Amino acid sequence: MRLWLLYRRELLIEIRSGVESFIPIVFFILVVGIFSFVLNEVVSNESKVLVSVVWITTLFTSILSLDNLFKRDHTDGTLAVAVLHSDAVIALVVAKLFGHWTLTGIPITILGPLIGLMSGMQFEHAAMLGLTLLIGTPTITMLGALVTALLVGLGRGGELLTILILPMYIPILLFGMGVCHLYIDSAPYTSELLWCLALLTGTITAIPLALGPVLKLSQDS
Amino acid sequence: MTVTDLHCQPGSQELFNGLCLSIVAGEVCELRGPNGCGKSTLLRIMAGLQQPDNGKITRFIEPLGYLGHKFGVSSILTVRENLQWTSTLCGNRLDSHRAREFLEKFQLLSAANKSIQELSAGQKRRCSVICLLIGNYKLWLLDEPFSSLDSSGEELVRELIQDHCRNGGSTVIASHSESRFANANQVELGIS
Amino acid sequence: MHRLASPQHFFLDTKMWVVWLYVVGIIGLLVGSIWGLAFVPPERFQGDSFRIIFVHVPVAIFAQIVYISLAIAGGVHLVWKLRMADVYMAAATPVGFWLTALALGSGMMWGIPTWGTPWEWDARIVSTFFLLILFLGLIVLRQVIPNPARATTALSILAIVGAINIPIIKYSVVWFNTLHQPASIELFGDISIHTIYRIPLFTNIASVFILTAGIILANMRYLTIERNASKTWVQPWIQGRDQ
Amino acid sequence: MRLWLLYRRELLIEIRSGVESFIPIVFFILVVGIFSFVLNEVVSNESKVLVSVVWITTLFTSILSLDNLFKRDHTDGTLAVAVLHSDAVIALVVAKLFGHWTLTGIPITILGPLIGLMSGMQFEHAAMLGLTLLIGTPTITMLGALVTALLVGLGRGGELLTILILPMYIPILLFGMGVCHLYIDSAPYTSELLWCLALLTGTITAIPLALGPVLKLSQDS
Amino acid sequence: MTVTDLHCQPGSQELFNGLCLSIVAGEVCELRGPNGCGKSTLLRIMAGLQQPDNGKITRFIEPLGYLGHKFGVSSILTVRENLQWTSTLCGNRLDSHRAREFLEKFQLLSAANKSIQELSAGQKRRCSVICLLIGNYKLWLLDEPFSSLDSSGEELVRELIQDHCRNGGSTVIASHSESRFANANQVELGIS
C-alpha cells in the first residue's frame, strides 16, 4: 500500500507535465533513428563510418554540455543579476558561448581528426573532417545555446533539450558530414561547404544578439 | 521610477489591480503585507524580471540593484571572485582596497577565499549585499534583505540603506516584520 | 482586415467562413479521392498501390507549408507583437503535426508494396521525421512553459530557427542523391504525370489546403473563446456551448 | 578587457573542479570508442547493426533520464527528509526505481523490437531483442541509480554521469547484445543469457538495499 | 537525545571542540550565535545528515523532524500532494479532515492545489511546517523556522512549538534574533 502510493507519486511527478513524460521514449526513437540513418549507407567504407560517428558524437557531446550552460547561473540567481545589466549581457553571452566552444568545440576539432588518423584514415580525409568540425562546432554551440536559453529555469534537462535541439542540428550535420563523404568519394563538395559556412555566419551573427532578450524573458517563469 | 496602473494576475488570483507607485530620490519605500500578498512579485516587476499583465513602468535610472530570495552569487566561485565578477558586470574595475574594506566590515575576511557553497546562509547574504554595494546602483530593490542575518548584520545593512538614501539613492524593501526605518514610505499591499 | 485583429470581431466575423471551408474542402476531397481511387486506370508499374499518391502528396506538401506559416507567424509575433499570430501558432501546430504524421504514415504504407519495407533510412524520410519532431517540440514547449508570453516568444524563435529544415526536406532528394534510395522522383518520372492523374491529384491538393485552413480557423476561434473567457462578449457563447 | 574577464570567469567555473572540466572530452572519446567498437565487427549484417544501435541507445536513454532521478528531490530538500525515515527509505527507493523502469525500461522493451520489425528484422530476432531488453533494462536502471545516488548534490549532470556509468554498463551490454548476435548467427547462446539473468538477479537484490545508506551519505557535503 | 564531545572542522576552521549537549522531553533548546558559527551544521549533525569528525550522538527517538534552510517539499507537486507524501513516508494515512484544518490554520486553503513552485517564500515555509506537524515527530530540529514568515505566521509557529513541548515533545531551534521563548534553554555557540 505504502509502496503503491510512493510509486504513484513517482509516476505523478513524471506524468504531471503531460507530453513531457514521453520525452525519454521520443528521445530513444530519435537516437536509434539517427544512428541507423547514418550506419545505413556507410557500412562499405571505413572512413565514412568514422566520420559519421565522430559527427554524431559531437552533437551529443554538445547537447549534454549545453545543459549546464545557463542552468547553474540561473539556479544561484546570478543570471537574474546579469540580465538587469542590459549593456553587459551581450558581452556575457559572447563570453559564455566562446567559453563553451573553447572547452568542447576546440578539443573535438582536434580530437576528431586525430582519432581518425589513429584508426587508419587517410591524412587528407582527416584534415577535411577537422575542417568541417572547425566550421560545425561553433554553429552547433550557437544553435544549442539558443534552445538552452529558451528552456532556462524549467527544471527539465537532458532529454527535452535533446529532442528540441537535434532537429536544429540536422542541417549542419547533413552538410558537415556530407562534405566529408563527398571528399572521400572524390566528388565535388564546394556547394555543401559553402552551405556550412553560410550556416556558421548566420548563426554567429544573429544568435548572440538574440540571446540577451531571450535570457531576460526566461527569468519570467 | 514610477509604476502606474499595474495589473497582475498570476494563476487564478488577482494580485494587483490598478496599483500606482512612485519612488523619488532619497526615499526608502517599504512594501509590507502578509505572506503571499505579492511583495516579491512587485519587486521583480519593478526590476523588469517579470512582465505585468497590464500597466506601465518607467525606469529613469538603469541598471538597478536587485536582491531576491536567491542570493545572486555563483555558488561555485569564491567570495572574492564573485565580487570581481559583479564589478566586471557593472563595467568598473574592482578596487581591491575597497573590497577588502567591505569584507572586513561584513566579517567575511576569513571566508574571502571560500567558495560560496561552503558558506552559511547569513554569510551568503552578506556576500550578496557586498555585491550590491560594489554595483554602485542608484536604486536598490531588496527582497527581505534582513532574513538570515544576525543582529549585527542587520544593523549594518540598515545603516547602509540609510546612508544610501542620504546620498540621493533610493531603496524599495519588501518585508513583513515591523518597520526598521523611521522615515520610510510604507506601502501596504492588499490582503488577498 | 484591421477588424480581424481584435478577438471579438475575429470571432464574430469568421463564423460562416469555417462552415464554407469545411463544406468545400470535404466535397473536394471526396470528389478527388473517388475519382482517383475508382476512375483512374491503374499505373503501369505499381498497379493499384500508386493510388496512395492522392493522399500522400497533398498531405506531405501541406505539412511543410503549415510549418513555414508557423515560422512566418512567429516572425510576425516577434516584430509586431500581434496577438493573433500567437493564436494562429497555437491553432496550427497540432494540425501540422497530424499532417506530417499522415505524410509519414501514407509514405510507409506506400513503401510496403513499392520498396518492400515501410521504413528506409533515407534523407527524405528522416528529414520528414524530424519535421514531426519539430512539431512535437513546439507542442511540448508550449506545455512546459507556464507563462504564456514567454511560451509564445520561445515558440516563435524555435519555429523560425527550425525553418532551416524545410529546404532540407524539399531538396533532400536533389542534394543528397548519395544518401537517398531510388524513390519518389524517379518513379514520378516514370509516371510522367498524365493529365488523368494530374486532375484528381490537384483537386485533392486544393481540397487539403481548404480543409486545413478550415480546421486551423476553427481551432483559432476555439482558442479565442478560451483565452477571453472572462470578457463579457464571450459569455453568451460559453453558455451556448454548455447547453 | 571586460570580455576577457567575463570569459575567464567562464573558464574558471569550468576548470575549478579539476578533472571535471575534461569530462566533455573524455565523454567524447568514450562514445566514439564505444561506437567504433560496436560498428567494427557488425558492418556486414543489417539485423546485427540494428541490435547494436538499439542497445547503445538504451544505455544513453537510461543515462539521460537517470540524471533527474534524485536530483530534483535533492534540490528541494525532500531527499533529506526521506533519508531520515530509515524504515521508509527502502520503499521509497524501490518505488523510485520501479517508477523509472516503467517509464523508460518498459517503453524501450516494447519499442526496440518494434523498430526492428519495421526495419525488416525477422520476427524471432526481434523477439530475442525484446527478451534481452526485458532482462537488461532493469539491470541498467539499478546500476545507473547506484551511480546517480553517489553523485547526488554534486551539481554536475550528464557527462560526468555518462563516463561513470558507461563502464558499469559494459557487461550487460556485451551479454545482452551478444545473445542477440549469437541468436542471429544461430549459435548457442544459453550461457550468455544466463549471465544476463545473473546480472539482473544480483543487481535487483543488492542495489535497492544499498541505495538507502548511499543516499544518506550523499547528504553530507 | 544527547550529544557528547563533538568535534567538527569543515574546511580549515574549527567549529566545535568538545561540545556537549543534551535535550530532554518538553524542552525548547535555542542554538544562538552570529552568522557562520555553526548552528545549521550542528542541527544537521544532530539529524544525522552530516557526520562529525569526532564525538558521539545518541538518538533515543527516531525518526525526527528536520526543517532546514531548504523547504523540504517537492516543488513540482501541489501542497496537498506534498502533505500526502509526507504522511505516506511516516507510515500513516493522511487524515483529510486534519489536513484541511492545518491548511485553514495556515491560510493555505486557497493555495492547496497550487504547485509549490508557484507559492511565495512564506507560503512554502508554512507548507513545510504543516509537513512537520503531519509527521508526528517527537523531536523537532528547526533551522530558522521563522524566516520569511509574517507576524501572524510567526506567532502561529511559536504557539505550535510551545504546544509541542507542553505535550512532551522537544525542539531545537537555530536562530539569531532575540529569543521568542521564555523558558528556553539557550545554547550560545562559539564566536569564531
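Read from first to last, the chains carry the letters A, B, C, D and E; within each, the first residue is number 1.
What we mean here is this: contacts are C-beta pairs under 8 Å (C-beta built on N, C-alpha and C of every residue); 3 or more make two chains touch, one makes a residue touch a chain.
Note that the structure is a prediction, hence the values are computed from the model and not measured.
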| item | value |
| --- | --- |
| Starting at chain C, fewest touch steps before arriving at chain E | 2 |
| Chain nearest the global centroid, as defined over all protein CA atoms shown | A |
| Most distant chain from chain D by Cα centroid | B |
| Chain whose Cα centroid lies at the greatest distance from that of chain C | E |
| Inter-chain pair with the most contacting C-beta pairs | A-D |
| Whole-Å separation of chain centres (CA-atom averages), chain B against chain C | 50 |
| Averaged-CA centre spacing for the pair chain E and chain B, given as whole angstrom | 27 |
| Length of the line joining the C-alpha centres of chain A and chain B, rounded to whole Å | 37 |
| Interface hub residues of chain D, defined as touching at least two other chains | 2, 6, 9, 13, 72, 88, 92, 119, 155 |
| Set of chain B residues in contact with two or more other chains | 51, 74, 76, 85, 89, 91 |
| Two or more partner chains touched - positions in chain C | 121, 149 |
| List of chain E residues in touch with chain B within their complex | 10-11, 13, 33-36, 38-41, 69, 107, 110-111, 114, 118-123, 125-126, 144, 147-153, 176-178, 192 |
| Chain C residues touching chain D - in the complex, by the definition given at the top | 117-119, 121 |
| Chain B-touching residues of chain A, taken from the complex the two chains share | 72-73, 75-78, 80-88, 92, 216, 219-220 |
| Chain A to chain C touching residues, read off their complex | 17-20, 23, 26, 30, 33-34, 36-41, 143, 146-147, 150-151, 154, 156, 160, 163-164, 166-168, 170-171, 174, 178, 181-182, 185, 187, 192, 199, 210, 214, 217-218, 220-221 |
| Residue ranges of chain E in contact with chain D within the complex | 44, 47-51, 62-64, 66, 68, 70-76, 85-86, 89-91, 116, 131 |
